[in-house]
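In what comes next, chain A is part of two complexes: it sits with chain B in the first one and with chain C in the second one.
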Partner chain A sequence: MITREEIIKQTNEALKKEFEFTDEQLVPSAHLKEDLGLDSLDAVDMVVVLEQKFGVTLRQGYDWRSIATLNDLYNFIEKLAHTSNQ
Partner chain B sequence: MERLRICFNTVFLGGTALVWLAVSTLLAAPFLLILRRDSAVRKFVYIQSRGIVFLIRLASKGLRVEKAPRPEGSCVIVANHASALDLYTISAFGFDNVIYVTKGWVFRLPFFGYVMNAAGYIDAEKTSPQKMLDLCKKAVEKGCDVVLFPQGSRKDPYARFKSGAFYLAEQLQLPVLPVAIVGTQKMLPAGEWKIKPARIKLKSFPVMSPKDYTGELGHLRMAQDVKKQIMDFVNKENEK
Partner chain C sequence: MEDSNTVVITGMGAISPYGVGVQTLWEGLSSAKNCMHTVAELEALPMVNTKVAATVPTVDYSFIPRKHRRGMSRMGLYAYCAAQEALRQAGYEEAPHNLGFFMGSTLNSIAVWMSLAHYIQDTHLELVKTSDFLQIMNHSPLASVCQALKINGPAMGGSEACATGLMNMGLGFLAIRSGLVEQALCGGTEEYHPLFSACFDIMQATSKNSNDCPAAACRPFDATRTGLVVAEGCGLIFMETKKKALERGAPILAEVLGFNANTDTENMAYPSAETLRQCMQGALKSSGVKAEEIDLLNAHATGTIAGDIAETQAAHAVFGPQLKINSLKGYIGHTMGASGSLESIACVKMLETQQRLPTHNLTQVDERCAPLQYDVKTDKTPLNIIMKNSFAIGGNNCSLLMRRHL
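What follows is the complex of A and B.
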């Protein structure tokens, strides 16, 4: 089973590669829209990138409004990864 | 000598530019109101912009334009963005029927706002992605090119190219024409008002097709490739 640390590491790696973020920007409290500047199209792209990274379907349960920060995103992926393993 | 040049550029050429924009708008407004044609407004903006490019040339240490062949029909023009002058420099390539997709604050400026609305330019902050697609489609049907600055802001000249412009190209199946703007950042950086003399270089690259970027993340890959092409050129020129 994938650990939370691994989820954080892989998510950050994907975001750095695809969206040119730095380690300093990728703190758990970072707001996706206000701090990282992700718009609605970026959010869709991010979901596709993370789906490819983790091999899970995120878009069905993904609600942009309920995932405000990076920490929310880690929690969401963690929950989904654990559900799909059960 | 440098200080004298900055003073001349800022007071005389900067002042002339503002007077040119204001007076030409006031003089043209009655005719544009009678004509009520957005294409006439876009042509007028092109003429205004060419006037500003002439003043930029006078203020610069030389302005060079390198043009790649443009496609037969409409295209999406994307450029790096580091100065308020960039909006005008696009006219140096001879694109005389373009619509800009730009930030909302520009629409709220006196004179500029009126002209931008009348020309059919699109406020990126107020318009939903679907509505933007529809408006751009209509503009393309009228023979317009669509101009976007994918960095979205002048604050960071090396900022990421957001993928919206490339998504638009993908959805409308329009070729993308990358444009590099070098030197305007030195001449008039964001947040400054002194116009410094600088060497300006404008270069358009061969068009890129969205057909070469397939898959769900095609537009993201295209954004990354276009940024690399433009910024490699900008960095090389800045090192000279």
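What follows is the complex of A and C.
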């Protein structure tokens, strides 16, 4: 089963590649919209790259409003990864 | 004419097979630097006869904010570079309020379209990103440059294939003359894809006998020419009323005297000399200039057999045998939708430096081309007014006149 550390590492790798973030920007408390500047179009592209990265379907049940920070995103992927492994 | 009705050029921006910038373009042209090269994808296609193209050298575009870059295919990136350069030369870091923007291309990004088509063929639509769609709208370069440089006036993306750049300059000129805007950025942008070469090859319009010597592949008016070389780039010109330029102390580079356009309804691909003649005649009338006042015709002349013959015959009918004529496509190939505006930038540089560029690779004029003054290199007479032609597949023709600013 994928660990939380691995989820954080892979998520950050995908976001850095897609959105050209630096390591310093990707702190768990970073707000996706206010701190990282991601808008609704970026959110769609973020789902695409994370689905590819983790091999899971995020867009069903995905609610942008419920995921405000990077930490929320890690939690969401962790929950989904663990659910799909059960 | 009143300064408020006189349209002048105060900024120019270019990205071409020579690289980024107007100066790079001018240095490449005036030193006849070669930018033609063979294309590996074409060499791998035995049924395609042409193997040569002229493409923009690799550029690092990371200076463009990602937010804006995500909506830009290569032609959008080119347009951003050219727009920024033109605005800066005109004295602006960001666009002035109500700047008009008139720019288009022949096609949108074939590369992005092809990647989207793969998603559908492979039924992997879950891989489609919003940025893919943002890049392949017909007006994607126009829209993304507006967002990036805060251009908030009317933005229109006229698209007339190879005449796009000059048509949009005409639109900008007319928009200023009509009072719609005081200032306009206008021209065309294009990105190369081997399919361009392949399609023109099928239509027997490409250069095919100089694949082993790319520098000699495009030979407008020459007896040995076999066709055009596809190229890419972007040329944008900042125009405004003379009144506005004087008020804000902007250096004037040249004056736009007039513009005309018409459509050949006889054939999509073979231009008729008579329609071209009418187009040029109309441009003279629009400018209030007599035929004998034209010091140079910068021809569309792509190096195709039929096109060069028709254009020279039309020019002969309008101007007579004393007309000095050149074409720039022997240097940089046919930059398609960008050609009219990129070559107009070169025309402004010719007016500024009083230098007529010779037609590169022209060694022996095709006797089927009308008798005109093709050897312009040694001409030392003043260069005051240039007519620029652009013609497109589809029969879309236009001519624009520029005058040296003294």
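In this text, the second predicted complex is superposed on the first by the 86 of 86 C-alpha atoms of A that agree within 3 Å, B and C clash if a C-alpha of one lies under 4 Å from a C-alpha of the other, contacts with A are read in each partner's own complex, and residues count from 1 in each chain.
The rule we apply is simple: a contact is a pair of C-beta atoms (placed from the backbone, for glycine too) under 8 Å apart; a residue touches a chain by one contact, two chains touch by 3 or more.
Computed from a predicted model, the values in this text were never measured in an experiment.
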Partner chain(s) touched by A:Leu41 [first = chain B, second = chain C, both, neither]
both
First, second, both or neither for A:Val27, with chain B first and chain C second
neither
Would you tell me the residues on chain A in contact with chain B in one complex that are also in contact with chain C in the other?
19-20, 39, 41-42, 45, 48, 52
Given the complex, residues on chain C that touch chain A span 62, 66-67, 70, 126-131, 134
Contact set on chain A toward chain B in their complex:
18-20, 39-42, 45, 48-49, 52
The chain A residues in contact with chain C across the complex are 19-20, 37, 39, 41-42, 44-45, 48, 51-52, 57, 59
Per the contact definition, I'd like the list of chain B residues that touch chain A in the complex.
129, 160, 162-164, 167, 216-217, 219-220
